[in-house]
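In the two complexes below, chain A is the common chain; its partner is chain B in one and chain C in the other.
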Partner chain A sequence: MATSTSKVWDKQLVGSAPVMTINASPRDEKWPARLKEEYTSLIQYISKNKENGNDWFKIESDKEGKKWIGKCWHTQNYTKYEFSFEFSIPSAYPNSAPEILIPELEGKTAKMYKGGKICLTDHFYPLWARNTPKYGISHLLIFGLSPWIAVEIPDLLEKGLISK
Partner chain B sequence: MATNEWTDVHALQDMLHQVQNAPEPPRLSEQNCVEIIQKIIKLNLIELIHTLDGKEYLTHEQLFKEIREETLAQGGRVSLLSLQTNLNVDIGYIQKFTSDLSKQDNQWLIIQGDFINRRYLDKWSEELNDNLQEAGILSITDICTHHNFTKDFVLNQIQQRLGHSIQGHIEHHNADVVFTDGYLERQKSSIRGILNATTQPLKVQTILKRTMKEEKLFHSILTQLLTSGEIKGTIRGSLDKELFIPNFYIEAQEKWIDSSIQANGYTDYERLLKSGIPDPISYVQKNYDTITYFQLRKQFGKNAVQLDVENFKLILLDSCCISNQLLSQIEANIENTLTSGEWVDIVSIAPPVFNQQDCIMLLQLIASQISNNVQFKLFSETAVVSELFLENLPSKFDDVIEAKVQRITASCSYLNELFQVLTGRVSKFKVVYSASKPKKGKGKGKRKVHEQEDELSNQYVYPELEFMNSIEISRYLPRYIQEISPDFREELAAYLEQPLTSHFHSMLLDSIKSKTKGQLSSTDIYNQLTMCWYHLAIFKQAIDEAIGIPGEIFTRYLLSSICSEITNLLLYLLIKDFCNEPINDPKTFTEAKRMKLISLLNEKQKPLMVQLSKSLHGKEIDIFFLTMDKIFEHKAFSIKLDYPNTKKRKSIISGLIDTFEEQLKEEKDFATILHLATVISYTKVTGLVLHSPGKGVPHILDFLANNIPEEKIRVLKKCQSLIIKKMIHMRENDKWDNVQDFEQETQRLNQELIVSTEEVISMIFWH
Partner chain C sequence: MDNPTTHGLEEELRACKQKIQNLLRENEQLEMEMQQMKDPKNSLSSNLIPNECERSMSGEVNSENRYSRLMALQKMGVVSDYTRIIQCSVVIIGIGGIGIVAAEMLSRCGIGELILIDHDSVELANMNRMFYRPEHSGMTKVEAAKQSLTIINSDVKVSGFNLDVTNLDNYDIILSLIQSDTPSRQRLVLCCVDNFSARMSINQLCLEARVPWLESGLSENAVSGHIQFIVPGVTACFACAPPLVVATGLEASLKKEGVCVASLPTTSAIIAGLLVQNALKYILRFGKCTEVLAYNSIQDFFSSYCLKPNPKCSFKLCLQRQEEVIKNSENCMSNNIFLPQQDESIQLEEVSKDNEWNIEVVEEVADEMRENETEVCELKDLTNEELNELLKIS
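Let's look at the complex of A and B:
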């Protein structure tokens, strides 16, 4: 039951962020084409969020689209908590998923690897593996970063490990 | 190509940048809105109610408004549950707000979970009135069911509106229906018409079915009509059996019952019930002079009250009542039957409607009134049988008894024993202890408890003595008695068992007697022998102890009489079983006969019996006794007679005196009277009984002369001299010339002797 519910939810989210059609890594010729799809997907997703008042991150990349940085935020008790994140496109992309780093939270939670890499092993990587090469950066943020923040930040706030 | 691609990528990068940095339209998310509203509520700035799905908030005023509008939209009545569904607000709020609304405004009501506006009730009452005017009557229950209201509410609403919006009536004691005046009048007329037209009892239920369904209203109308006298009749019975009976029918019925009772002399309650009298006994008691069976029994029990047949009176029995006149007729009928030695079953002469119990009661009343001169017995509670009839009844079985007796006498090998039993010398019955069945104990095996209760029962020693049991008699009875009821037959058979058996025994005894021709049984002979031996012992003692009396005369007489009898009886006992020729009474054996019979004895018995016979002719009695002792000791005879002990002796002496006295009373011969009187007097003086011959009397008188008062001896002597005188006179009859003179003298002497012997007898008995 839980699986079917999550599938519906995934579809809705995926609907707001279109999937990729081109399977290409930064080393491939088709990378710019893939990158175009990535951007289109991101633009569409962010536009929808803006319409619905659900805007929760900002992102930008270098010119080749290999290095990505951005900010994400979480609102709780009338307070907005903002965190910087970054990730690089691995050479095996899209077969292997990028690893998101939130350096400022390093050492504050157990759900994080050394260097500030957030833990996506359980909830995201299996999903990515099943959906590669259709999933792209927008999906990395929707299914990888967003749930991590929704779970971890209230916990850290409660523990007092994060201040305003 | 690749450059173009990258150009597009950069363009997209710029677009992303623009999109991200574009200003966000001012908006509050739902979450924020919720938070803001909750904040406002918390600060008591506003009171809101949220809908069940949580998507909307309502103010109190809005909810009030929505409830009112929804109710009116539904026609003025809506269930609270419908409100909850339609307004999408929790039922708790609905209940609270409708309740508040009904309290604030009397136009609103909550009835049985429904929220109602008064306009709805007005409309409802108008509709009700329309229906009522159309139908004439409406059931409150139907209204309640149809409109889903409680009875109290409906009644309350109708009563408020009666005479205004509802034109009708509700009776105080019958609040089940509401009806119009027109309806009431129509029903009254209908019921009045039916009841006035009816000529016989009519079931109220039938009238009800034909007129109206409302039973209570019907009864109310009926009561009104009866009270006002518009219809003439009575209601009897209750519930389903309720009857309307017109007055003229009751009058006719009473006349008919009266004439029936007067003519028949009885009537049964069932008949009265069928003719519509619900409580016949009360009816009879109310209309006639009555007395119950038990009261009458009590009266009869105290003293012999004759029935007063002049005044008509009914006696109440179990299922009917009977007039005193008819009772006395039946009584006379029964008495006549009994007087003529017959029997009658009261069931056959009582009126056919009388049941068993009535017949029993009737017979008990009659039995207590029947004259004491008429002897009778009651059988099976209803049959009355005269004693005469019962006495004659066993003789009707004579043919059956005769056949059985002939069969027994022809085939039975032990008739002598039967004879003994029948003559009472041996008990007819053997005592048998019959143990009742052991009660089963609760335990198993060895623990069974055998609690035996001994019961004594009689069984005949010989099966031949049993005639018939009651079942067999019962089978024969219809041969001799016609139209006998089974119960009576059984009881009569049980009653007859004993008399019939006695009758059978007497016939059997007669038959055995005639068959054996007077031959005595061994036991008889032995008993006679013993009795003779006792007498001999007593007489010998008297001779031995006598003073002033010559013993020789008495000894010789004793030898020739008692001793001779003993010898003969002994001889008879010895030869009885093997002697082929018929033997007559052993007491009458002559000497020759005796010797002939002795010769038949075996060699062991013969010498002693010869010796005994010879001893009878001697002068000494001791030889006889010595010979007897030898016989007792001899094995060949196997007989032993004891001498009587003192107690036995006393009883035998008293028995002998009684016998003498009895003989004296009966005796007509003058000499014997004197003989007996002398012997009795001697015994009274000495306590000894003399077995005296006639010639011993003067010797005894001589002894008595010195031992009894002079006046007594004078009486005896006078009698003696008169007897001697008469003897001489009789002996000298040839000396008389004139026979007439002789006769006259004889008569004179006889007269004197009668007077004298009477004196003797009175002396013996009164002095």
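Let's look at the complex of A and C:
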């Protein structure tokens, strides 16, 4: 079974982004406290990435932390490819994970649902389900978005479906 | 970064769309009322507003009576009062391969009211399943469904809402649709969505509204499916034993070619049939409702079992409902007519010690967090607005 390798991988990566301790959705009173943990985890993860020279995204939210937008990038053959992504916090958060959209890639890959939602079904949702409510937005990006980009973008480049 | 003002505008737009939806519903109702006033003959047979005019069902055996075969259930002693179905509103969330077939079945059975929620449009790729026709392509599913269902049985009040159930902005409006407006009207929710996130949202909504619901689903390869009857606090909720927790194999799955799931008209219709059969048993109070029923078409194997609520469920509302059920096991909805196999009192079972799936708490994180403590302290003093600003410039 793939669990042993994936477990090591999880632990190494999760270490750089602190997990959440508060279980709350935007409909709960405790949401501001959860949101604070989300921001803190993201800021720490980004600063770690910068230290290690592998900064790969930028992100910000609306006032209430319900809608998030950002940019992520992938470098290949000395060229940087940048994509805008966005997601909203679903009503059952953190029991269900947000769905990340990269609208500009819609129609270019089969690993995407209608509206530009990237497919997280197999590689990410089970992991999230096992780790709710500890995992937050930083983990969504680390284990959801990042592997998708790492697999899909080189493939799209090879097929000539994206250019500079 | 994108212009932040577009965000504000988007939100306004969404709020506006919601208001439009509400007004449309009101408008529809008023138009129906007007039509009835103008044409009293018409009002006798069609588009009744169930709250105001009582519909009736005749048991007369005659080729013109659309309910004669259904009323025969009474004569055969299967149900005691078939007309109870008029008093029931069913909310169907997701009207794809399963949901729309369930909607058609309930329409033909003369259900009191159908409330359909979906945010998708009909496309040719849907034609391998039942109900929708090529000429519906491009229409929203709720519009196409309303149109055809009204032709099939105009006695049934059908309303449709083009809403995404996972969207937080839609939460309150969907909650109001699920919650019963009149105590005498029975409410049941059928979950016929195709993704985990939507199921979790419906779980949250039904727990909050204390409304029983039936969850349904098909496997990706279209050869098996399941239904699950969930009564808040009485049975396991959808999050008490989440199916994804037992899934394994992380990295390999990304390399799979394409994400298009398979579907068959047969499996979808079989599951829809099982779903509605259990809905009818619940509404008409006959037989015994199943808690979980899984169907595997490869071996033609059906498995059926019960799932008790998890005292450590991650949904706080589920824990609240469990407490409520224990407190007043007599008069709340643990009504044993519906779930005769259910024990009267919910026993909190000892936590299982085996861990076949190697689920564990990631402890290592604590060390890393301690390392970061100084930084965290600084961040602690900031407000969320300041943190968002800091994140923007990070």
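FYI, the second predicted complex is superposed on the first by the 162 of 164 C-alpha atoms of A that agree within 3 Å, B and C clash if a C-alpha of one lies under 4 Å from a C-alpha of the other, contacts with A are read in each partner's own complex, and residues count from 1 in each chain.
By our rule, a contact is a pair of C-beta atoms (placed from the backbone, for glycine too) under 8 Å apart; a residue touches a chain by one contact, two chains touch by 3 or more.
Predicted model, so just to flag it, every value in this text is computed and none were measured.
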Margin query: Should chain B and chain C be called a clash or a fit once both complexes are overlaid on chain A?
Written below: clash
Note to self: I'd like to know which partner A:E29 touches here: chain B for first, chain C for second, both or neither.
What the structure shows: first
Note to self: Touch test for A:L42: chain B only (first), chain C only (second), both, or neither?
What the structure shows: both
Next item on the list: Compare chain B and chain C by how many residues of chain A each one touches, and report the one with more.
Entry: C
Checklist line | Which of chain B and chain C A:K159 touches, first, second, both or neither | finding: neither
Next item on the list: Identify the partner contact of A:G53: answer first if only chain B is touched, second if only chain C is, both if each is, neither if none is.
Entry: first
Item checked: First, second, both or neither for A:R130, with chain B first and chain C second -> second
Margin query: Touch test for A:W148: chain B only (first), chain C only (second), both, or neither?
Written below: second
Note to self: Applying the document's definition of touch, where does A:K63 land relative to chain B and chain C: first, second, both, or neither?
What the structure shows: both
Next item on the list: Among 91-99, 145-153, 235-243 or 379-387, indicate the stretch of chain C whose C-alpha atoms run into chain B.
Entry: 379-387
Checklist line | Contact residues of chain A, present in both the chain B and the chain C interface | finding: 32, 35-36, 39-40, 42-43, 46-47, 58-61, 63, 65
Next item on the list: Mind listing the chain A positions that touch chain B in their complex?
Entry: 29, 32-33, 35-36, 39-40, 42-43, 46-47, 50, 53-55, 58-61, 63, 65
Notebook entry, point to check: Of all residues in chain C, which touch chain A in the complex?
Noted result: 1-2, 4, 7-8, 10-11, 120, 165-168, 170-171, 195-197, 200-201, 203-205, 239, 242, 244-245, 247-260, 314-316, 358-359, 362, 364-365, 367-369, 372, 375-376, 379-380, 384-385, 387-388, 390-392, 394
Notebook entry, point to check: So in the complex, which bits of chain A are touching chain C?
Noted result: 1-3, 5-7, 9-11, 14-16, 18-19, 23, 25-27, 32, 35-36, 39-40, 42-44, 46-47, 58-63, 65-67, 69, 71, 84, 88-92, 95-97, 99, 110-114, 119, 121-123, 125-134, 147-148, 151
Checklist line | Touch list for chain B against partner chain A, complex | finding: 2, 5-6, 8-10, 12-13, 15-17, 19-20, 22, 24-25, 27, 29
